[in-house]
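Shared between the two complexes below is chain A, which pairs with chain B and chain C, respectively.
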Partner chain A sequence: MKLFLYVLTQVCITLVSVCGIYILTGLTGMFSLGSAAFMAIGAYVSGLLVLKAGLNMYAAFAAAIIFSVGIGYVIGFPIVRLRRDYISLVTLGFGESIAQLILLLSQFTGGAFGLIGVPRRVNVWFTLISAVIVIAITAFFKTSKFGRQCIAVKSDELAAQAMGINASRVKMTAFLMSCALTSFAGCLYAFYVGYVGPTDFGWKKSADWVIMVFFGGVNSLTGSIFGGAFLTFLPQYMQALNKYRYIVYAVLVLIILNFKPNGVFGEWELSPRNLKRLFSPKKNRREDV
Partner chain B sequence: MSLQILLNGISTGAVYSLIAIGFALVFNILKFSNFSHGATMTASAFIAYFLVASKGWGLAPTLLCSALSGAIIGLIGEFIGFRRILLNHSAPTYFFVSSITLGTLYEGLVTLKTGTNFYVYPNFFDVATVKIFDAVVSKENIIILAISAVALIILAFIIQKTSIGRQIRAVSFDRDTAKLMGINSTLIIQVVFAISGFFGGLAGCFLGIKFTLTSTLGSLVVKGFIASVIGGLGSLTGAVIGAMLLGIMEALFLSLWGSGWATIASFALMLVFLLVRPQGIAGSNVQEKA
Partner chain C sequence: MALLEIRHIYKNFGGLRAIDDFSLEANAGEIHGIIGPNGAGKTTIFNTITGVYHPDQGEVWLDGNNITKLPQYKITHMGIGRTFQNIRIFKGLTVEENVMCAFDPQSKYSIIGGILPTPNRIREERRGRELTRQYLDVVGMLGYKDEKPENLSYGNQRKVEIARALICKPKVLLLDEPAAGLTPTEVSELTDLIRKISADFGFAILLIEHRLDLVMSISDTIHVQNFGKTIASGTAKEVQNDPAVIEAYLGAEE
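Moving on to the complex of A and B:
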């Protein structure tokens, strides 16, 4: 049971960041390989504010999120006008720089030893409720005007601009939202584990999230959530598998990309209407979900 | 700036340009950023270490083994990661995810063998340094510079003068039209992946000589990415110019502030470049086609 609660918390924290990646990658079609760096910023800033400045935990969370959104704006400003490849290249470089910066500012961050002694004030219920709220917000965003603008930009940026959508603003908003959510995940992580290490936030972690989103289906929030939960649960319960974790991930995703490129769920979303359609007699079923 | 810093910078820049070229070749032909390139470098450097260098054979066999295994890894990657996506005409984003996945796969395989241990290539040179005027330069830097320069010149010759080079340029320009003209574009893409892997293998081996071999060696690929952004995404000449510039700047930052800050400074340099001149030095801006 204790293990289950631990894994559940891990899953919830992952889901918060997966929602951020879904907004960025699934809705807007941009890839960030530096999302984990924003998680690091969230974890370190909130942890430091509580430890060194003695701030209230919730205030520290808010400050950390605002801080990383500010950083995200500085990073995003030059790149949202350009081809989408740039965002992956720049965020990858950003991730490496943040890793270096954490080591360099060792009088604050503890350097290679990590930030020790963050109060463990976040429990499983807190993360669970946060995850549910974040998922609800993301689902709301997907169906809102903003979400539809994002999808338009993803499918064809030029056409979207011709329809009067300010593409660079939409891209920027999506990027900033993703920054906010991943840094929130970082806050949760720091206050659940009680320790923040500088090596936990490499590009592999960002790549993991992208892989999770694609595993379940990049166009479907349900799929992304399923991918995030499944790929976090799996290695925790198969300790023998843990060594081969990345290899199993990669092979699974390669199979999916080669043979079912839309992911497990394709475009299918979990909603009362779709559920009803799924279980209804064959004649009513329509393929366009 | 002393001559020593300049020479070290050019030598580092030469390795970066090998990385950037390998990246830019694939970017040119398939129009996506190949993120498995770093892991290809790591994997081939380790294959060369375990197969050749640990047996005490000199520098040349090690380099050759690393480069060839890079080429083979490139071919395998093209086959398992990109072939079907290409044939299905899926969205370019799938190339991207595929390359990330391949990167994790290679790195996972390397980590399985090596763990997080450090490995060091044996000492290939009897005399560690040479003196050029008043600058003391390590011999490995000179050798690296020379071999990289030769490799780049050969590549330039192949791309500009030979039939296969013309075909590569044609496929980069427009895959479908090239196909209509009778070019076997699948074969050309395979060739490009092999060349890209070859250069990745060379770069991986050089990085292993310059630094130490770890399973995260591939993260240095980010320098190649920065170099190609500075030089102009998708331009081969730009990649080399950007890499040289980055190498020299980094050597300068290194002597001023130390290695950690040098990484951050080169990232800031890239951001400034994107603000001021997003098309890069070479100025070939690859636009998203309508």
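Moving on to the complex of A and C:
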């Protein structure tokens, strides 16, 4: 049970950032290998504000998120004008330099020792409620004018602009949304674990999130959440396999993406209407033709 | 001053003269046909008007405003709508969402409405949806609103593209080979549709088309392009009897 609650918390925190990646990669088609840096910014800024400035935790969360969005705005400026394949490179560079910066600013961040003694004021229920709220926000975003324009830009940027859509602005909005969400995940992480380490936020973590989104279904929020939850639970419950568990993990991801290139869920979303369709087999069959 | 004025535009791609001095004046209610052999620069004219490229020389004026150097999306806001030669419908959106997302830039709610169901969002979404259905009805595609557009026939995809252009409230509508790949019945449906929207909305239409019968029957003025140059322009009759046109069309076949 204790393990379960621990893993559940990991899942919830992961889902908060996976929602951010879903908006960025799933909806808008931008690949970032530096998103984890925003998680680091969220964790360090909120942690420091409480530890060193004695701020209230919620105020520190808000400040950390606003700060991340500010940074996101500055590096987003070139990003939204770049060709898409360069975006991963720029974000990768940004992410790795943030990791270095954390080591360099050791008098604030604790350098290689990490930030120690953050009050552990976030528990499993807090993260669960946060995850539910963030998922709801993401679902609302997807069905809003912003979400539609993101999908249009992802599908065909030239045609989107010809329909009056300001593609750079749409991409910036998606990027800032994902900055805000990943940095919130960082806040949760810092105050759940009580410690922030400088090596927790490299490009591998960003890549993990992208894999989760693709595994579950890059075009489906339901799928992305499934991917995030499943791929976080899995390695924790395969302790018995020991060092082979990452091989199992990798093979599973490869198998799914080979046979279902659009991920487990494809484009399918969980909604009352789609559920009804699923359980009325006649209609379903006609659609398959 | 005419509604749309294209003044001596030029566009080169490397050494290739895709547009070599093109001018055109169009007023509300007129239909202008642009014809010419493959590679004559017709699509490039549309791309230059809509800001996909900017012309090397020359200017484009819409309703008294110089729109030559505006970014693509602003030119659309100024009042130019278009469809594409090789259909460019948005995958991942339904037919209804495809049209609605072209309304979205005009939809007035902030990012707060983007993440929460605020009254403002609900009102604007309803307004957008109603308009979308209205335009889908105009092109006769309302019954397909929940379909995935990539599953539709070419003819129906073209109609969705037209509805999507209409909801941008254009003053000038650019149609790039709308009849390409359509069956004969679909072509005649499309001809009726173009006539209808031209009469109902009163905008200027520029129409690129290979099917001479279609173009000749609905255009007020026809511009014949060859190697980037305008070799003739006038009514269908004038153009048909122009020796340069006969040369370009028949000469090319020999």
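Just so it is clear, the second predicted complex is superposed on the first by the 274 of 289 C-alpha atoms of A that agree within 3 Å, B and C clash if a C-alpha of one lies under 4 Å from a C-alpha of the other, contacts with A are read in each partner's own complex, and residues count from 1 in each chain.
What we mean here is this: contacts are C-beta pairs under 8 Å (C-beta built on N, C-alpha and C of every residue); 3 or more make two chains touch, one makes a residue touch a chain.
None of these values were measured; they are calculated from a predicted model.
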**Message:** Tell me which touches more residues of chain A here: chain C or chain B.
**Reply:** B
**Prompt:** Which partner does A:210 reach: the first (chain B), the second (chain C), both, or neither?
**Reply:** first
**Message:** Contact-wise, after the overlay, does A:158 reach chain B, chain C, both or neither (first, second, both, neither)?
**Reply:** both
**Asked** Touch check for A:267: first (chain B), second (chain C), both, or neither?
**Response** second
**Request:** Classify the contacts of A:112 with the two partner chains as first (chain B alone), second (chain C alone), both, or neither.
**Result:** neither
**Message:** Going by the contact rule set out at the top, does A:145 touch chain B (first), chain C (second), both, or neither?
**Reply:** second
**Prompt:** Should A:249 be classified as contacting the first partner (chain B), the second (chain C), both, or neither?
**Reply:** first
**Prompt:** Just chain B (first), just chain C (second), both, or neither: which does A:86 touch?
**Reply:** first
**Request:** Would you tell me the residues on chain A in contact with chain B in one complex that are also in contact with chain C in the other?
**Result:** 158-159
**Touch list for chain A against partner chain C, complex** = 137, 140-141, 144-149, 151-152, 154-156, 158-167, 173, 219, 267
**Complete:** chain C contacts chain A in the complex at 50-52, 71-73, 76-77, 82, 84, 88-93, 97-98, 100-102, 104-107, 109, 111, 113-117, 121, 124-125, 128, 164-165, 168
**Message:** Give the list of chain A residues in touch with chain B in this complex.
**Reply:** 29, 31, 33, 74-75, 77-79, 81-86, 88-90, 92-94, 96-97, 100-101, 103-104, 157-159, 202-204, 207-208, 210-211, 214, 218, 243-247, 249-251, 253-254, 257-259, 261
**Contacting residues of chain B [partner chain A, same complex]** = 27, 32-33, 35, 80-81, 84-85, 88, 90, 93-94, 96-98, 100-105, 107-109, 111-112, 216, 219, 222, 225-226, 229, 233, 260-261, 263-264, 267, 270-271, 274-275, 278, 286-288, 290
